[in-house]
Amino acid sequence: MTASQKIWALHLGLIAVLFAAQYVLPPYHATNLARIMVLSIFAMGYNIAFGYTGLLSLGHALFFAAGMYGMGLSLTLLGWTALPALIAGLVAGGLLAGAVGVLALRTAGVSFMIVTLMFAQAGYLALLYFGTITGGDEGFNPDRSLRMIGSLDLSADTPRYLVALGLFALALLLCLWLVRSPFGRVMVAMRENEERSRMLGYNPFAIKLITLVLSGFYAGLAGAAYGLLFGYVGATFATIQYSILPMLYVLLGGAGTVIGPFLGALAMFYLIDLASGITDAYFFVVGAALVALVLFAPKGILGALRERGVRWLP
Amino acid sequence: MAAVLALTAVGLSLVFGVMRVVNVAHGEFFMLGAVLAWFVTYYLPLPPAFAWLAALIIAPLIVAGIAALADVLVLKRLHHDPEATIVATIGLLYMLQQAALTFYGPDARPVAAPFEWRIQLPWFGYSGYKLFVVLAAGLILWGVWAFMTRTKAGLVMRATQVDRDIARSFGINVDRVYAGTFAFGAALAAMAAVLIVPIQQAHYLMGHDPLLLSFIVVIIGGLGSLRGTLIAALVIGLSDGIISMFFSPTLAKIIATLLVALVLVFRPQGLFGAKA
Amino acid sequence: MAPLMVAQDLHRHFGGLRAVDGASLSLQAGEIHALIGPNGAGKTTFVGLLSGRVPVQSGRIELAGEDITHLPAHQRVKKGIAYTFQITSVFPRLTVFDNVALAVQSAGAAGLDQQVATHLSRVGLADHEAMLAGSLSYGHQRLLELAMGLALRPRVLILDEPTQGLAASEIEGFKALVNGLAPDTTVLLIEHNMDVVMDLAHRITVLNFGQVLAVGTPQDIRQNRAVQDAYLGGHDAAD
């Protein structure tokens, strides 16, 4: 097989396996998997910015929450139906990422991390401040009757799984196409050496802004889907913790790999699930995982595989 | 409480100044100081004043020990790479917070003040302890200043700040300086916490606000500039109260956070720093 | 004939250090122009001003009559000024193919694979396509750097000490390659190897302490007393 064939086999194979999984898995795990797939979309978006382009943001919770509230408020305030509301969420995530990017991309490195963190924090506080609209700390549950696409009831298990899988597949294939496109090559060039890329005629600011907006679309879509599929919209999703989460998934699965975010989300989700069976020290697991990852496996699972000879891995 | 804020912020600023890394777990060192103060005063069979004094010494020492350990075990092996360090200290933040929750519990608990008397002025009373905190913090800050500018250890730290490679070639053990600085910065936060804990109760989530405020102070003051940090702490400590008088506390926080982000974007050298 | 590129009275100081201190240069279309001078003379800084890597403090730069003094570097590249780094600066963790592809696609050309192959074979790296750039030998990295410059299909190609670290045989290949560029591409060449300079250059500018000491044909420069004192000094011209 050529590398290209292997790549397609791998990614389409993953989607096929996930499709089959719903018939095999007990409902508890199927619901978990639906959740993981949606969170993977978020992590894929984070990976586009961080893994491929080298933008280490600590503010992605803001874009996730923008998607979630963009969707949720479109349902409740504007009376939109689920599908347009989902798209509203997607757009909200991308637009906000663009707005933050225009400012934050004037900085780099540690300053970029702090600035994105600060913007996200301000966003979170704003959600609390406008509590009368957003439901503040408690958030709100969009009514079940609103969470329908046509006659498809998204709060029922099977449609929920299918929609999660559909969005996941779309996001995955798009990401695969993106990173193998000429633009993907430029993204990586930015990560590797911005100054050199500039001297090849690329405008770093523009490239990074486009990337961040793409990343924001992913985060927004994930947030909107999460709220729609699991029926809850809340300010907790705007906290710093939800900026750390996709970073954790990406680091674990392998930054700069297409499937890495999914693998990381899957592994982390079940690690926490397992750990919380033994102890309630959930944060300790997350913290220890972060430290262990940066120390011992900065390339993550797939990154390590790629170094050990599976070089065709996109 | 501008004085305590300044103390915490100086710790963060010192670490950034000398080591060029941002310690996201700084607020947790603060929290740890307060929680340890509670443990010390609760378990030591001493009258409040002495128990508190003991805490003022023991808590920062333990926190410094933990910080030094974290530096040697984790940060050193990351070569203090700025971005990896942030990720690692976020991990540290979670671990410390969880440890406090597990061993200390979710409740806020008070620590008795070492002494109670009020300064009675004709028109209002003022807690003598608060005044004492201001004086003590001021004294410690002055001590830090003197330490940095007058002593050999301070000189070594400043030399390392300017250029770690040159410092190394002059025979300075950079690893030891880093571990020491990290520990020292953490100890300052812990000390600030012990000072404040008779006024505010100890709680496992209490590290959040000082972290945010310290960030704000350090950024406004100019990353790594001690003098800027001090001025910024005073200005912000005083204005925080004023702003929240006009706005709701949440709105005040939103404005402050956005302002800080914008300062970092448009004036990375801080409001008081010289132009780069 | 109007020159293709003109730099007038450029200044760039670093603190008290006058790295470029009122230097001027004009490039005729199609010429190979060498820029020489002792170490620290300001050559790299000067071409940094031309390529936009280093902001100009005062002076004026024109390309084909258009003022580009304050154009950002990436836009100058789009206008046809390519710069190859003195300190090798390929993307070490990307493949040789990707390194050149980045340049090819920046120039907006169709037939990516084809073009990458062409440029790589021009510098003799055709069979290194799949290797990681960082694993190439130093000399090969210099050649890759050159291929990236060529792949931008520039009007003005600035080469900063391209033969440093090349073997004698590779230098011969390099000379042939640059000679072949001559009519279509204007070359500004910083070079320490006097053989290469004397063989290739149509004109030479000598820089010293950030100022132009002399401009002329290789003949002129060889005979110029000031140049001999300041630069060639006691050395044999072909050191």
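Order as written gives the chain letters A, B and C; numbering starts at 1 within each chain.
The rule we apply is simple: contacts are C-beta pairs under 8 Å (C-beta built on N, C-alpha and C of every residue); 3 or more make two chains touch, one makes a residue touch a chain.
For clarity, every value in this text was computed on a predicted model and none was experimentally measured.
Viewed as a contact network, the protein chains form an open path, each link joining two chains that touch. Summarising the inter-chain layout, the chain whose CA centre lies farthest from the centre of chain B is C. Ranked by how close its mean Cα position lies to the mean of all protein Cα atoms, the top chain is A.
Taking the mean of the C-alpha atoms as each chain's centre, chain B and chain C sit 52 Å apart. Chain A and chain B, compared by their mean Cα positions, are separated by 33 Å. Put simply, the C-alpha centre of chain A and that of chain C have 44 angstrom between them. Against chain A, the residues of chain B that register as touching in their complex are 22, 74, 77-78, 82-84, 86-88, 90-99, 101-102, 212, 215, 219, 248, 250-251, 253-254, 257-258, 260-262, 264-266, 268.
On chain A, the positions that touch chain B within their shared complex are 56, 58, 103-104, 106-107, 109-111, 113-115, 118-119, 121-122, 125-126, 128-129, 244, 247, 251, 281-284, 286-291, 293-295, 298.
Those residues of chain A whose C-beta lies close enough to touch chain C in the complex are 182, 185-186, 188-189, 192-193, 195-204. Of all residues in chain C, those touching chain A in their complex are 51, 53, 72-75, 77-78, 82-83, 85, 89-94, 98, 101-103, 105-107, 112, 148, 152.
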